[in-house]
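Both complexes below contain chain A, partnered by chain B and then by chain C.
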Partner chain A sequence: MAVHRLDREKTVLAKQLQDPLIMGDDYQRRFLLAKVLSYTNEGEDMYMLLPSMVKLLAHPDLCVKKLAGEVLIQHRKDTTEMVLLAINTLVQDAEESNPMIRGLALRTLSSLHHEAVTEHLERILVKTLSDRSAQVRRVAVLACAKLYRKSPSSVREAGIIDILYGMIRDPDPTVVINCLSALEEILKEEGGVVINKAIAYHLVKKLQSFPTWSQVQVLVFLKKYSLADEEEAFDVMNATDFCLEQNSATVVVTCLELFLHLLRDLPHLHAEVFKRSQASLTGHLSSGNVELIYFIINVILGAPKEAQANFSQNFHSFFCHNKDPLYLKLKKIEILPRLITEENGISVLEELSLYCVSGSTDVSLHAIRALGLIQQEKLFLSEACCKKFQALIQSSSPSIVSNLLQVLQDLEIAETTFWENLLSPKCQSFNTITDDNGRAAFLYLLGEHLCDCEDAFRVVEQCVDEFDDLKDRHVKVHLLDAATKMFLVHPFELQGLLGSLLEMAAADSDLEVKTRACFLYRLLESGADTAKAVLLNIPT
Partner chain B sequence: MLIAEIMIVSDRSEVLVRKIYRDEAKAYNAKHIFSSRVGDINKGLVPPYFAEDGVHLYFIQRGRLYFVASSTSKASQIAATEFLSRLYYMAKDLCGTVTEESVRANQVPLFEMLHEAMDGGHVQIVSTEKLRPFIQSTPVAVQRTPSTPEEVASRMFGIERTSPVAASGRSAIRSAGDQKALYVDVVENLTAVTDSEGGVVHVKVEGTVNVNNFLQGHPTLKIAVNEDLQICRPGEVRAFGRSAQFDRCTFHQSVDTGEFDQNRILKIVPPDGQFSAMAYSVEGSSVSLPVRVLVSFAEIENTRDVSVKLRVSLNVPWSSKLVKLHIVLPLPASVSSVSQRVKGLSESLDFNKQTQRVEWIIRNMSNAEESIAQLRLISHSSQRISRQDIGPATAEFEVSNLTLSGLNIRSVKILEGNQSSAAKRYIRYVTLSDSYTVKTS
Partner chain C sequence: MSASAVYILDVKGKVLISRNYRGDIDMSVIDKFMPLVMEREEESIVTPIISHGNNTFVYIKYNNLYLVSTTKKNANVALVFSFLHKLVQIFVEYFKELEEESIRDNFVIVYELLDEVMDFGYPQTTDSKILQEYITQEGQKLEVAPRPPMAVTNAVSWRSDGIKYRKNEVFLDVIESVNLLVSANGNVLRSEIVGSVKMRVFLSGMPELRLGLNDKVLFESTGRGKSKSVELEDVKFHQCVRLSRFENDRTISFIPPDGEFELMSYRLNTHVKPLIWVESVIERHVHSRVEYMIKAKSQFKRRSTANNVEIIIPVPMDADSPKFKTTVGSCKYVPELNSVVWSIKSFPGGKEYLMRAHFGLPSVENEDAEGRPPISIKFEIPYFTVSGIQVRYLKIIEKSGYQALPWVRYITQNGDYQLRTN
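Let's turn to the complex of A and B:
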């Protein structure tokens, strides 16, 4: 059905392409061709329309030439015949007096990648590489790389590589960059374009006069220059360091990368380089371009620790905005703990605790994790963090509590009162922890920190009663551990309970639960002291 | 950086415009990779660069459209992102606005743009100015009803973050024969966190002066801003007083700041289309908040219910106007329904059970007015409503004709040769909330 409709559509298109009324109108003609192109791009076979496309290559409308050429390029593999027919027109166009037409014809011709084109292209290229129009030279230089992909020998034999090296001194910046890019592609197997001293110095000298995007490319290529000595590295840096303060983030970051490369043997200077680029990097954080901000934070995250400290004074710029996409919020939460100093610590902590109660579970989890990290690493804030944990555990949102418990699992906090205050009230409302990750974490924490509490026994008791309904492996394993640990501390109260739990677990269908139960059973058999040594870390 | 293919894609992963630069692009299906993850991408779960099966994808989201680049070799992420952003700006200069509708109508010029922006996967053109001679087709402006200032403003609301002012839905390229005009828009984005009593925890204003240039030739512009403007060097103590003070200020490369230090005049040789001539930021106490949101709680005796009072007041000069205010208050799951009483202006106030939040919309409020919403949060379950689980509240708003930094444009002169031109010029101010959070505990 669909196929038929498409065939009909093609017939209609073919008819329209012949219709003088449509083809006589600029707008309709172009629109029609755009339609053909979009079918082509979707992978439809437009073979029957190709003769019209070839004909249209000779149309005076440049836009039509562009579109028809593109359709032909996409279909070139299916038809040698049509390509041969097109060559004539294109070769003629390449001689036109209008440089726009010359450039376009050359671009279409080189993109055809066809054997039949090779010899024509080689001849035209040698001529157009010295064309008086910069636009034509730009196209011609890149066409060399395209020709090379189809026929490496003709590029080498025509001496094009040398011509390209010579053209690095072209007055047009885009031609210069295209030369470097083309040589990089052509010489890929020999390690790409060779930047010798003369080229490097020429590029450095020209750098300031180049437009932004060309500057980026020059900075990338300068990485390939092998320096004579350390002194030369500093010369290059002195000449290019204005790029660290440019408006474009790409220029700044590329320059940064170049400097880090030049200073690869002097790592103690890396922080200084980041410091130089700090102002322009933080400037972009308020650009509103969320994707760019994301990558800039990535760059800062990759900086050495002492360099990150430079960004601390702008810590406000790293705060989440309500409308930030999730990936950006998580990235900002990742970097915030690293920007903490004694002065801004409390502000950052307050901001992070706002995120902890965020509507998004991911944001909340990452923010609580960040608090956990701060608690462990920044001593002067560890008490403040513990207070935040106390407040969070009272939340009525199951997901926040569950997130908190999962984070607490990995924290080492020696104070027993902290754990008692945090965990024992929660024992009574154990049923409000609804998800398995949270329950598993809670049971783990009970075993670690709360073996002395009646309420904790109740929780274990309840879980044992509901053992058959438990689905999650981790909940079961942590339950086993917790019950055993409690038993070691209070054998009388828990003996019966543990007995029935081990029995049920040993018959469990999950191998891991089964193994754990058997392991614990054997451990208990080998004596209370050994078990205590293993599980509670009490030396015998 | 070798890019194999660029696409403009809708949020339903429909490809609107596509250009293949290198043969590698035919060996994989970037559209397929993108559309298989478009659900997560729409939700903001996927970072703007990801790789799958050896294909590297870079994308930016603008409104409901995506600009997507793909390649088989890894490119610099920042370079790819900035290149795509430039493409977006060029598309915007070309079509006036970049929406699905306008992209569909402008497939041909946009294809031409992509065709010229790169050759063989190498970047060639990234500015509207250089692009102009290569665009043969005529962009179509998607028709809209004539826009009043409010309308222009309401269109900005929440649609585009980067440059919210769609000064006019006109194409910079097409304007050659059109009427000459110049738009100068001062857009300020406010980021603030306050406590429940309105006390400021953190406040920051980020502003840009956007110039939309539809003038012919390249006349020089002179934009004069208030003379008492100060730019503080880091560590410098701020002076008190009414003058505008910036913490940071950067200029577009076309701006000559020779006269700025002395007379606060920006001399600009403007490129075509839209650009931001100046970007600045102000942080800290000198900023007074235009909208205040206060939240207070009270337990209701003998019940599990909690009463919440939201007070909103506007504190702006008479000449400014609040276009729209949207307040969101998230509630804990234990709240099963909400009863309400509203005093003052209000368009709608609803409790959305699905998202579990109260959403309050107010329009057209003027200075010194106040609206109060008295909410009773009702719990049918056995659980108590815990106060610390309410909020934090967020507010989204837009105030026209207001700058928080105090920046003021004294005059805009257009110099053609030595004469000043009579071309029309429009100056507009708008303040948007980028992120406004009211803590509730």
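Let's turn to the complex of A and C:
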């Protein structure tokens, strides 16, 4: 059905394209062509309309020319004859007095990407590269790259490469950048465009007059310049360092990358470069352009430690906003621990603990992880972090508690009182830990730190009773470990319990649980001392 | 950098419009985009850069639209982000607002613009002022065929030759946005002022402008250290300003682009007293009701007035039957925002207003914990800058010698202005 409807639609379109009433009206004509183009973009075959498109290429309305040309370009693979028909009009247009038409014709012609076009294009290109209109030159330069993709030999033979090198001195910035980009593509196999001293200095000199896009690209291309000596690196940096204070974050970041590249053999100066751009980068963090902020934070995260320290004073700028997308929040949480100093430590900690109780489980998990990291790495905050953990374990939200337990699993905290205070009250409310990851982590922690507590035995007992209902492999494995460890400390109380647990686990359908049970059984068989040495790390 | 193609998608991932720039990818690769985003959202690892096979999607989200660029080569991601944002800005300047509707209604223009801003995957003219010279809503005929953008012989790339106005005028807006973050216990965590000097220039020819501010560095170097002046940090200028002159003698001199643009921006990190302060007491009675008492205080001079103040107070998602009591302004419950909006048309300095709100809560508790979103405030204070920055003069010199009128306006408004609650 749908196919029929579309066929009918095409017939109607074809008819309308012939209708002088519709085609005489600017708005309706454009609208009609836009419709044809949307169908084309959706991948529909508009072959039957191509003759009209070719005819419309000669239409005086620039927009119509453009749309018709685009429909043709998208169908270029299916038809040689239509392309041949179009060439004539386009070649004529390329001679027009209006530069907009010359430019458009050249663009359409080069995008057709068809053998039949190659020889015409080559001839026209050589001519239009020296066109007096910058607009035409811009198109012509990129058309060279397009032609190269179709027919590399014709670009080389026509001496276009030399012409393009010469055009790097063009007065129009966009032409300059297009030249560099085109050369980069054409000379890809030889390592791209060569930036020699003359070109590099010319670009640096013109940089300030270039629009933002061009500045970014020049800064990228300057990376290709091979410096004569160290001193030259500083010359280039002096001439371009105004870019570090631009109001475009992209320019700032690209300039920063260039500097780091220039100083790649002098890593001790990298922190200095970040220091220079610190104010500018921080300023952009409140720009509201979240994707770019994400990118900037990534750049800072990639910087060496001493360089990151430059951002410590502005740590507030890295606080999460309520409306930040998740990926940005997580990035900010990742960077905050690295900005900690003696002065701001408590403030950062307070902020992070706020995220710990956030409604989003992911934010909470990452924030708790960040606290864990701080606890391990920043000695002066380790106690404060422990207090935060104590507070978090009392949270009424099961997901926060579960997240916390998972993080705690990986922390090395020697104080036994910390663990007792944290874990033993939770034993009574073990049932409030609802998810398997949390339960597994809790059992693991009990085995590690709380082998001496009645309440912990209760938990293990309860889990053994419910063993048949347990689904998760890790819960079972950690239960086995915890029970065995407790048994080693209090053999009398736990003997029976462990016996029935091992029996059930050895018959489990999960291979890993089974192996673990057998392993523990054999370990116990080999004697208590050996088992203690292995599991509790007590030397025999 | 080179983008293979650019797509604009609706929130469901349906392509509204696309443009294939290099013809080196299968355009249907976009069908993979939405599933990839969803999959990553599920696992909370979604980022604005997604690699898939040898294609990379770099995208931004705006309103309910995705602007996606695909690239095969190693692209400069920062450039792509700025390019896509620039695209949004161009569309907004053309259609006032960028949304699904405006793309459908202006399909032809959007297409033309996409065609113009990029060629073979490389950014070209993206200055909307210049684009508007030759891509317009109205039909174009050959006889009025547009000239190509900007004459190449120009000394400056941002201004065309031969601009003419009957009345030569310049409007200068000094706008300061206050970013504020206050912790739940009333500590100011972050307070910063982001200033911007915006201009609308309607001047003929190639005018030379010079702007004088009460810049502290300038005042000190010229022996006027005692006059009231402002220390500007992190000053960024539009490309047209001669940086070397600013560095030498702090003169801001430039040939302006035509029409609207941002001349400069600056930042002040000094702690200022929050202009509008809100204290909140929130009483939550689980399973029955939640009560709010909000006190708003204006902490600026009595002779200034804040206009269109909106205090946006988040409430639980499942709150119902709102009741309000306030002495000033009006309150409205906006379920889409899960918030109460308290609007005060005019809020003079040194005043204090109260509002009480009451909501019912369902007896069954909402499953997911929501966190505590902050109170945010919108306001606008005319004729006032927090920093005290002042325009001392704006000189306009053009070789034809016409007289031009500068108009200056000061506004202080909220930026990202948030107070956390308990």
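Following the convention adopted for this analysis, the second predicted complex is superposed on the first by the 540 of 540 C-alpha atoms of A that agree within 3 Å, B and C clash if a C-alpha of one lies under 4 Å from a C-alpha of the other, contacts with A are read in each partner's own complex, and residues count from 1 in each chain.
We take it that contacts are C-beta pairs under 8 Å (C-beta built on N, C-alpha and C of every residue); 3 or more make two chains touch, one makes a residue touch a chain.
Quick caveat: nothing in here was measured; it's all calculated off a predicted structure.
Partners chain B and chain C clash in the overlay (superposition on chain A). By the touch criterion defined above, A:Leu142 lies against chain B and chain C together after alignment on the C-alpha atoms of chain A. In the superposed model, A:Ala309 lies in contact with neither chain B nor chain C. Of the two partner chains placed by the overlay, only chain B lies in contact with A:Cys320; chain C stays clear of it. Of the two partner chains, chain B is the only one touched by A:Ala391; chain C is not. Once the two complexes are laid over each other on the shared chain, residue contacts for A:Thr254 go to chain B and to chain C alike.
After overlaying the two complexes on the shared chain, residue contacts for A:Tyr27 are found with chain B and with chain C alike. When the shared chain is aligned, chain B and chain C each come close enough to touch A:Ser286. After overlaying the two complexes on the shared chain, residue contacts for A:Pro60 are found with chain C alone; chain B is out of touch. Only one segment of chain C in 151-159, 169-177 or 241-249 runs into chain B in the superposed model, and that segment is 169-177.
Residue overlap on chain A between the chain B contacts of one complex and the chain C contacts of the other covers 26-27, 30-31, 33-34, 37-38, 41-42, 61-63, 66-67, 70, 74, 100, 107, 111, 113, 138-139, 142, 145-146, 174, 177-178, 181, 211-213, 216-217, 247-250, 253-254, 283, 286, 288-292, 294-295, 316, 319, 321-322, 325-327, 347, 350-351, 354, 357, 359, 397. The touching residues of chain B, when paired with chain A in their complex, are 15, 18-20, 23, 43-49, 59-61, 76-79, 81-85, 107-108, 111-112, 115, 119-120, 122-124, 126-127, 133-134, 136-138, 158, 161-163, 189, 191, 193, 201-202, 204, 206, 234, 248, 250, 252-253, 279, 281, 283, 330, 332-334, 355, 357, 383-386, 388-389, 391-392, 394, 396, 434-437, 439.
Residues 26-27, 29-31, 33-34, 37-38, 41-43, 60-63, 66-67, 70, 73-74, 98-101, 103, 107, 111, 113, 133-136, 138-139, 142, 145-146, 171-174, 177-178, 181, 208-213, 216-217, 220, 242, 245-250, 253-254, 279-280, 282-283, 286, 288-292, 294-295, 316-317, 319, 321-322, 325-327, 330, 347, 350-351, 354, 357-360, 362, 397, 399-400 of chain A are the ones touching chain C in the complex.
Note for the complex: chain A touches chain B at residues 26-27, 30-31, 33-34, 37-38, 41-42, 61-63, 66-67, 70, 74, 100, 107, 111, 113, 138-139, 142, 145-146, 174, 177-178, 181, 211-213, 216-217, 247-250, 253-254, 283, 286-292, 294-296, 298-299, 313, 316, 319-328, 331, 347, 350-351, 354, 357, 359, 391, 394-398.
Note for the complex: chain C touches chain A at residues 1-2, 15, 17-18, 20, 23, 27-28, 44-48, 60-61, 76-79, 81-85, 107-108, 111-112, 115, 119-120, 122-127, 134, 138-142, 145-150, 152-153, 156-158, 179, 181, 183, 189-190, 192, 194, 233-239, 243, 262, 265, 267, 368-371, 373-374, 415-416, 418, 420.
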